[in-house]
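In order of appearance the chains are A, B, C and D, and numbering begins at 1 in each one.
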Amino acid sequence: MTKPFTQASSEPDSDGLPGLAPGEEAVIALRGVAKWYGEVVAVSDLTFGIGAGVTALLGPNGAGKSTILNMVSGLIAPSSGTVRVLDRPVRRDTMIYREIGLAGEQEQLYGSLTGREFVRLNAILQKTPDPDGAAENAIAIVDMASAAGRALGGYSKGMRQRIKVAAALVHDPRVLLLDEPLNGTDPVQRASLIALIRRLGNEGKSVVVSSHVLPEVERFARNVLVIVNGKLAAAGDFRTIRERMDERDHMVRVRCDDPRRLAAALVAEPITKSIRLSGDGRFVAETNDVRRFSLLVPEVAKREGIRLFEMQPVDESLASVFSYLVGK
Amino acid sequence: MHAEPNQPLSIETSALVKRYGDVLALDHVDLAVPRAAVGLLGPNGAGKSTLLKILLGLSRSNGGTARVLGRDAVVHGRELRMRVGYMPETDALPDNATAADFVSHMAEMSGLPRRAARQRAADVLYHVGLDEERYRLVKGFSTGMKQRVKLAQAIVHDPELVFLDEPTNGLDPLGREEMLELIDRIHRQLGILVVLSSHILDDVERVCDYVVVLDGGRVVASQPLHVPDDDSADLHVRVDGNPDPFLDTLREVGLEARPAGIEYSSDEFVIARRGDQTLDAIRDAAAATGSPLRLLRPATRSLEDLYVDSVGVGANGARGNGRGAAT
Amino acid sequence: MLTVRQFSGGRTARLALALSLIPALFAVIYLVRPWGITPNEFLVDLFRELVVPTLLPIVVLLPATAAFGNELEDGTLPYLLMKPVTRLRLAFGKYAAVLLVTVPALLVGVAAATLVASRGPDAEDLRRLFLAMAGASAAGAVLLGAVFLLVSLVVPRALLAGMIYIFAWESLLGRFLPGVQAVSSREYTLRVFNGLWDGDSAAASNAVMTMVVVAVVCLLLAVWRLRGIQIN
Amino acid sequence: MSASTGQYGEIFDRGYLHYGGPRLGQTHAVWALARYSMARALGIRRPWTAKIIPMLLYAAVAIPVLIAVGIRAFFPAFEFLDYAAFFGAIFLLVGIFVAMIAPEMMSSDRHDRLLPLYFSRPIGRSSYVVAKLLAAGLLTLSMSVVPAVVLWFGNGLLADEPVAALRDSLDDLGRIAVAGTMIAFYLGAIALMISSFTGRKSIAVGVIILGFVLSESLSLAISEALRDQPDLARWTFAISPSRTIAAMVGQLFDEPDLAADIPLNASLGVMAVVIAICCVVMFAWYRRRD
C-alpha cells in the first residue's frame, strides 16, 4: 500500500502518471491540464492520476483544489490538457455522471425541499432503479435519518454537509468527489464523516477529499496530492512525505531543569546548527536531522541527569507541510 | 485586563431561556464568566449562536436575565452595544463596497465621527493584514481576507469586548494560524475581552484562558483553562517509527499510555503523570529503545478531556470512532 | 422533472397563478357595476391593455428566469448538470416545466375573467373570445418562455433585465416608437389575438410561426450555452 | 534626552491604538447611514455598472427641463412645460427611480446579511428605518424638486425683470417644494416597505413597479364601476399612487383636469396616512426580527 513519494518534477512511474503506484490503474487522469481565468492562472501543468481508495487533495485556500474538482466533475472545462474519468472524457459524455458523485463547496441547496426529497430527487435524476430505497440507504449512511423530513432551508452547516454527501453517493458511483466535507462540522459529526470516508475507500471507490485541515486528513487518507499555487507540489504517501520533510532544518523547543548544561552538550554535536537560550528555562535548537536530534536529547539528558519537562517542535504543526512546500 | 475586584464580570446570565417553537435553544443558562479570553464550545445546535445573539441584543430571551460588562443586555442595550464588537459567522459583507468604505461605515455606525472613522478603518485594516487590498471591492476577496475584514469591523470602534463567531471557519492552516495570532494579540496586547465561539477545540486552546461548554442548551462546563507550565498534568508524547518497544518499556515501569483523542494526529499518546519520575521514565525509555522523542508536553487538563466529559455520550462515541479511525 | 417539482407548490407557481388571476379581479369589479360597456369590449380592453403588455410577460418571466437563473445564482446547477442527462433534454425539460406552470396559470386566469365577465349584460360569442385570448396567451408564453430561459443563462441578473425589458421596452417604448413593435413580443401576441378574434386565421398562424421559430432558435442557443457553461 | 548631543531621534509606536476620541449619538449614526445609503444607491464608489441606471434617469428628467428652459429663452410666450405637466410627466421616472434605489437600500442589507452588524451597534432598529427613509426621501427629492426648481429659476430669469419675477413667483416655489417633498417621501416609503420584505433586489423592483401599474388600473376600474356613486368613486384615487399624486399636483397648480374634484387636503392626507402606515409596518417588521 505504501506508495513511493513522487514529486511533480520527478520521472513519471510505470503507469505514466505521478500519484499512482507502479501498475496501478488510473480512475481519474489529468494530463497537462491548465486553467486560466482571463490573465489569472488558476492551475497549470497538472499531470497526475488517482486510483482506488481515499486520496486527499491538499493545499492552502486559493491553491486550485476546487478548480481541480470542478474540472474532474466536468463543471468547468480546462483551458488546455485533458481530464479523463474511467478513461472517458468528462464534459462531452454526460453518461459518465452515473459513475461520479460530487459534494461541492456551494452552500445553498433547494431550500424548500426536505432532505429526503432532495436525496430522492438526485436518485431519480440518476435513474437509480429503486430511488426510494437508494435515498433511504444514503441517508442512513450519513446518519441523517432523524432530520431527513425537515426542510433543507433550516439545516445547520454540518447537516448540509452530510446531506450533500448523501446526495453524492445515492447512485453508488465509483468516483466520489468531496470538496471540504468537514468544514463547519462539529467534532462528533466530523468523526462520523471521517469513518464514512474511510469505509467508502475500503470498499474500493475512488474518494477524493479536498481539505486544508491536515491533522484530519491524516485520519482518513494515506495517499495525498498537495497542490500549491496551482501546481502539483507533492504526491504519494502522507507519512513518506512527512518523513521527507524531516530532511530539512527543524526547530525544537526544549524545557528542562538545566538548560545551559544540556544546550552546551548538544551544541557540541554536528547535527545541531544553533541553540538560542531564552530566560525561562527553555531553549530553541535548530538541527538539520530532526530524527537523530530527537534521540540525542533524551540520551544526553539521561547521561547528564537532566530532567526534561517539555520538548516540542516549533514548526512541527502539520501546517508546516504547507509552509515548507509553499516556501519552495 | 485581568480580573480586578471592582470591574464587572464579562458575562453574567441567570436562568436564561430561549425557545424557538417547541425547541428549547437555551435551557435556564446560568453563567458567571470572568474578564478573560473566553472560549464558547459545543456541538452544532448546542445554543452557542443563540447565546451570542441574546448577549448582543439581537434576539430577545424568553426568560431570565443576561448582563454583559455589568449591564443588562435588554435595559442598557444601546449603552452596551457601544462597547462591544461582533464578528458573525456568516459572510456578512456587502457585495459592492471596498473594505475601507465598509469598515469606516461600520465605525460611524458605532458613533465615531467621519474622519476618525476613516482614519481608524485604515489603521485597523492595516493591523489585520489588509493593506493595499483595502481599496478593492470585498466581493473579490478570498475567504481569509473576508474573515479579516469581518474582524476589522468588529474591533474598529475599540470595543471593550468582542464576540467572535467561528472566526477560523473556512481558513487554511496558515490563514487559521494568522487569525488565531491576531485574536491572541487583540486580547493580550490591546486588552480587548474576547468571546470566541468555535467547533475547533484547538482554536480555543490556543487563545482562551476560560472555557464555557454548552450542550443541548445547557451549560455543561464553565471554568478556567490554562495554568501555565502546569507540572502536574498528564503528558502528551510522540515518537518516530514503531512506538511499541517504547510503550512496552514504559509499561514495565507501570506507566500506561493511551492514544490521544479526537482532534490530534493519530500517533500521539497520553501518559498519566505520577510525579517527576514519569518524566525521567519517558526520557529513559526513549533513550533505551532508540525512539526519537518528537514530542513531550504537559496536557494540562486537556480541553479535549473536558469537552468529552461534559458533552458526554455523543462525544464519547465520536472518540471511539476517532480511535477506530486511527488504527 | 426536477423543475416541475421545484415549481409545483413552490412560491414561483403560486405567484404565477396569483398574477394570472388579477384579470378575474378586474372582471369582478366590472361585474359589480358594469360601466356601460359589453363584456366583450371589457375583455378585449383588459387583454390588450393589461394582460398582454404587463401580466403575461411577468407571469412567464418569473418561472423562466428561475428555471436556470436561481440555480446559477445559488450554485445548485451542478446537481442538474452532473446527471446522466443530455443538455438538449435538460433545456427542453426546463422549458416544458416553465410552460407547464405558466400556460395553465394563464388559461385559468383568462378563463376565470371570461367566466366572471360573461354574467354581464349583452355577452355574445364569449367562447370564441376566450379561445382567442387563450391561444394568444399560450403563444406568448411559448415565445417568452424560450427567450427568458435563454436570457437567464446568459445575463447575470436575468430577472432584473427581464423586468426592465418588460416595463421599459414593451410597455413604454413599444407604445411610442412604431419601429420597436417589429421586435416586440407584445405585438406578435396581439397579432395572434386579433387574427383569432377577427377570424383571420392566416394572419394568426403567420404570427405563431414566427414566434415558434424564434422560440426554437432561443432553445437551441440555450442548449449550446449549457454545453459550454462553466460553473465555479 | 538627546539634548546633550543636540540630535533628535525617536521611534514611534505605530501599533493598534485605543480610540480616545468622541463617540457621537443617534443623530450622527442616522445621518451617516442615510449618507452611505444614498451614495450606494447612486453607485458612488462602486463600479460603473451601478451608476448607469440612476444616471440615465437623471438625464431623462433633466433633458425636458433644459429643453423647456431653452425654448422659453427664444420664444418667451411659449410655455412648453408648466409645473403641473412637469410633475405629471415625471411620475413614471420618479417611480422607476424609487423602484431602483429602495431595494438597493433595504433588500441588499438583508441579502448581504448586514442587519446583525447594524443591530449589534448603537444605532437602534427604529433609527435604522428612519435613516433609510431619510435616504430614500432625500435622494428622491433630487429627482422631483431639483429639476422643478431649475425650471422655476429658468422661468424667472428669462422674464423681463428677473428679480421681480422670481419674487412674484415665490408661491410657485413653495408649491414645488410641497409637491416634490410629498412625492419623494410618499413613493419612498412605499418602495422601502416593499423592499424590506425581500432580500432579492429584482423581486423588489418588480413588485414595486407592478404595484404602481396595477394599482392605477385597479383604481380606475373601480372608479368606473362606481360611476353612479360619484362621491364614492372620487375616493378611489387613494388606492393608486399615480392618481393620488396627480390629484395633489392638480390642486396645487390649478389644473382641474388632473385634480378631479379632490380637495388638496384629501390627497395630502392620504399621502401622510400611507407614509405613516409604511413606517409603522417597517418599525414592527424590523423590531420583530432576530
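A few comments on the model shown:
Heads up, the rule we're going with is that a contact is a pair of C-beta atoms (placed from the backbone, for glycine too) under 8 Å apart; a residue touches a chain by one contact, two chains touch by 3 or more.
What you see is a predicted model, and the numbers here were worked out from it, not measured in a lab.
Where touching is counted per the definition, chain B and chain D have no chain in common. A count of contacting C-beta pairs for C-D and for A-C identifies A-C as the more extensively joined pair.
The greatest centre-to-centre distance from chain B, using averaged C-alpha positions, is reached by C.
Mean C-alpha position of chain A lies 54 Å from that of chain D.
Computed from the mean C-alpha positions, the centre of chain C lies at a distance of 33 Å from the centre of chain D. The centroid of the Cα atoms in chain A and the matching centroid in chain C are 49 Å apart. Those residues of chain C in touch with two or more other chains do not exist in this structure. Shared interface positions of chain A, i.e. residues touching 2 or more other chains, are not present.
In chain B, no residue reaches two or more other chains under the touch definition. Shown here, the protein chains touch around one cycle, each chain meeting exactly two partners.
Under the contact rule stated at the top, the pairs of chains that touch are A-B, A-C, B-D, C-D. Per the touch definition, chain A reaches chain B in the complex via residues 59-62, 156-159, 180, 183-192, 194-195, 198, 212-215, 218-220, 255, 290-295, 297-299, 301-302, 307-313, 316-319, 322-323, 326. Of all residues in chain D, those touching chain C in their complex are 92, 96, 200-203, 205-206, 209-210, 213-214, 217-218, 221-222, 224-228.
Those residues of chain C lying in contact with chain A across their complex are 1-2, 5-6, 10-11, 74-76, 78-87, 228, 230-232.
For chain B in complex with chain D, the residues that touch the partner chain are 53, 56-60, 78, 81-82, 84, 86, 88, 90-98, 101, 105-106, 108-114, 116, 120, 123-124, 127, 137, 153, 157-158, 189-190. Touching chain D in their complex are the following residues of chain C: 22, 25-26, 29-30, 32-36, 49-50, 54, 58, 157, 159-160, 163, 167, 171-172.
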